[in-house]
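What follows are several structures.
Paired with subunit B in one complex and with subunit C in the other, subunit A is shared by the two complexes that follow.
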Partner chain A sequence: MVRLITHNMLTCHVKNCTKDNFPLVFENVELEVRPAEANLDFIKRFIPKLEWDALVQTARSIGEDSLPEQMPEDKATLESEEFLQKLHHVLMEIHVEEGQMKCRGCGHIYPISTGIPNMLLAEHEVGR
Partner chain B sequence: MSRPEEIAPPEIFYGDIEAKKYTANTRIQNIQSEMTDRALELLALGDDEAKFLLDIGCGSGLSGEILDEDGHYWVGVDVSPSMLEVAVEREVEGDLFLQDIGQGFGFRPGTFDGAISISVLQWLLNADSAAHSPAQRITRFFTTLHGCLRNPSRAVFQFYPSSDDQVHMLTTCAQRAGFGGGVVVDYPNSTKKRKMYLCLMVGHQEVPSGLTEGGMEVDDGSSSKVKNEKRRKARAMASKKMKGKKALGSVDKDWILKKKELYRQRKGVEQVPRDSKFTGRKRKTRF
Partner chain C sequence: MDESWIKVKVERYRPEAGEEEKWKDPLQVDFGGPGQDKGEAWLDFVLRDVASRRPKETEPNIGADVLVKPIAKTSIGGPAPNLPEPTVPVIPSEFKDDQEETPEAREQRMVHDVYETIAPHFSQTRYKPWPIIARFLSSIPEHSIGLDSGAGNGKYLPVVREGSKGSRMIALDRSSGLLSVARTQKGEIGDDVVGGAEECVRGDLAFDGWRKGIFDFAISIAAVHHLSTRSRRVQSICSLLLPLYLSPVAPYSKFIVYVWAYEQGENSKRKMGVLASPPEDHDEATGSNPNGAERKKDQDVLVPWVLQGPQEKKVKQPRPRKTKSKPNRGAAIEMGHAGPGGETASTAMTTSNDDVVSRPDETTGNRNENAEPPAVPEQAQPERQVFHRYYHLFVEGELREDVIAAATGMGFVIRGERDEQDGTRKGGKWLRIIEEGYEKDNWYLEGEVGVY
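== the complex of A and B ==
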């Protein structure tokens, strides 16, 4: 399973691919939504690690548009239970089961099958 | 008996049959979970907060399950499709990736609060092809791992080296990649219970440079220690094979290895005592 929390941390790791290597673009995806117990404290602590634009863009690309375009600026909204719940749902409950992730930089395709992305590279794509 | 890593590449060795056999074996289950407990302890996460962790060579999820037990979130990478398939069947909580760690990672800087790796690193010490030397692959692995760990944080590897040279190579590559740290040996005098852990640290200011000793000690008084202690006891009771009244008291080997290497480089190998099973007895873990 690929959750958006993990996808948001993932860049292309092909040799010399440093431009437009994030976020990887989902294509032809099949999703599964699985309810998960929420740890809102964890979510709150994770917010600073998120690339917000990439998250919103990616979520929208797979039909999930509950997140605001801009990350809420005031702390009260950001740390409200309502907002954190929403974030929990997007980050932790949506699983990409099938499809692929494509790098906008080098075009490399990482296929996803039974929820597992194949990150293996060909010999000439491995960095030093 | 040959070591598994000398028989075939990991994705071949851990094929469908071996992956199922491995995972169903209760003796293996017990050992892997005990070593994962110990690795978590050495990770010294400090508080009871849930963390975002990386399980390197996660296999079928025997190690990851221990992370679940503690409420952590994790990402697992493994090169064997069969092992990952078993992990999916067993519905582990972590996000799984089919990945050869020798090719490196693409996770963003600071992604993980820590990393564990249980019984995996020895696989990287064998050449997988003529094109790549183990040192190259290990360097790529350590460099990209260092890049995706938070500062400060740790990566703890339980592994089975077959020689001191291998340990030397690992610590040298780790240092070059920017890590501090060293090797910890539990029960160095017991053939059965002896276990090695490579403990790598990111960005700790007090890491000694070269010959001076100092730096920080592993925080063994952490709450995870207490938790682990309980879990160990529970497992010990459950396991009929374990004989009673064995104290845990572990003995650690530390940065001594590195210091010896430095001495070797400076004075020539002969003048430095060879690493023996007595190296590092009765000393605190220092980094």
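== the complex of A and C ==
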């Protein structure tokens, strides 16, 4: 279950990969949509941390286009139940079960298997 | 047939009133076989008659052979059971600095491969954390998102889900086997995981691919002590701090690190590492850090994990090199030892699935050992396998040093208890140590980070 909330947090961490290392691009994905109990306060609290463009772009890449191009500017819309529910669905209910995430910068592929993204790198790829 | 039964000799016992098959408090058992020490088990046991394999109707006599099966405990957070003085469950690590094996390779062999193999045996799905961790998690602001670095089987995920209103954690671990347990970790109240699964990411403790500022809190429980060099331990703490949100105002982002202590036992006087080494080495330090904690050369140890398995899956492996304490002694002991970081050892002798024990993974060079099989009737013959995991035992003050080294290396100012906000440092990152201490054989440090 790489959900989009987690995807929105993950960057490529290959050594010297600093350009276009976010967001990672989903490829060959198998999706599952599972209804989840909504915690709109959790969503609201997470909004300031979201990379909106990355979220919208990624959601569209997997056929989910309910989110507006621009994050609503007025607080009333942003915190409306309708908007938060929409965001809850995109962030918390869409699970990528299989597939991979590809870095646009260096091309590294992070496989996703049984819902778990593998962020491990080979020793020579580690930037430390 | 259930393979997890083992034959033991009853030395003494104390049945609980009203319980015929469950036994609490020390049941001293004799694992039999040459060179194997007797061990005490503090787990609950179900007893069976060896001959009939039926539940024992009556109390077994002292000296009788019985089959016992440890029952996984459902909670270990309560008052400590009346444990005898812990016995050394470790053998000294054989790693030397000049060995050619890299730290990465050594951890692969002595930590990751072992966890992958024993992962399904972390059968326990419900768990009460140690008081310090419970207190930390309950202090997290509502609707927060946190990181569990080195989450293992994810036992803290439901604690947060249920205990801290509306908060969630994302699990990071190196072992896909453990994460596959973590993703469906159920809680105390048996709630289903919201959305069907917890969020799990496979990566090592030094994973630095999180976006900065996304987590409101972070924990690393019983994980950092598996790293075999100081720079790698410090690096893992950097990676814990890096994704924390830095707020200019309270509430700030909090973190806790919990590691196994070199100083063991009720009054902290027992030095596990010391006991694991020959007497002449007791007080010999390999060198001391001028800034604080004295390093002992026996801080690096191997801790056994016992698996029971079906005989036919036996895999011939060379015995480990000679060590100064008997591995089997440690193995038996760990059954009753409330292990590092609050890990219960009740899983140490749980049922083995065929596909687990058949893969002690010779290709990856996992060290394991076939103990002398106890004298049990042919069809009941279990195989005990001992896997050794590497631990670095922290001495007093060492965790603080490592946290400070990580923080200052990242440009944090270490903030004191009473210093006032300083306008000249506006925008500067700070870290404050809230509390550090010792709990049940572990050192912990709780801190918070923010910006001026």
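The rule we apply is simple: the second predicted complex is superposed on the first by the 128 of 128 C-alpha atoms of A that agree within 3 Å, B and C clash if a C-alpha of one lies under 4 Å from a C-alpha of the other, contacts with A are read in each partner's own complex, and residues count from 1 in each chain.
The rule we apply is simple: a contact is a pair of C-beta atoms (placed from the backbone, for glycine too) under 8 Å apart; a residue touches a chain by one contact, two chains touch by 3 or more.
What you see is a predicted model, and the numbers here were worked out from it, not measured in a lab.
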Combined model on subunit A: subunit C and subunit B, fit or clash: clash
Partner chain in contact with A:93 - subunit B first, subunit C second, else both or neither: second
Subunit B versus subunit C as contact partner of A:13, first or second or both or neither: both
Contacts of A:75 with subunit B and subunit C, given as first, second, both or neither: neither
Which superposed partner A:5 touches (first subunit B, second subunit C, both, neither): both
Touched partner set for A:45, first subunit B, second subunit C, both or neither: both
Of subunit B and subunit C, the chain that contacts the larger number of subunit A residues: C
Listed stretches 116-124, 314-322 or 368-376 of subunit C, narrowed to the one that overlaps subunit B: 116-124
Footprint overlap on subunit A, where subunit B in one structure and subunit C in the other make contact: 1-3, 5-6, 9-13, 22, 39, 41-42, 45-46, 49, 51, 114-120, 123, 126-128
Subunit B-touching residues of subunit A, taken from the complex the two chains share: 1-3, 5-6, 9-13, 21-22, 39, 41-42, 45-46, 49, 51, 114-121, 123, 126-128
Subunit B - residues contacting subunit A, complex: 49-50, 52, 71, 73, 75, 77, 79, 81, 84-85, 88, 95-100, 103-108, 110-111, 129, 131-132, 136, 140, 144, 148
Contacting residues of subunit C [partner subunit A, same complex]: 104, 142-145, 166-168, 170, 174, 176, 179-180, 183, 194-204, 206-211, 213-214, 235, 243, 245
Contacting residues of subunit A [partner subunit C, same complex]: 1-3, 5-6, 8-13, 22, 34-37, 39, 41-42, 44-46, 49, 51, 92-93, 95, 113-120, 123, 126-128
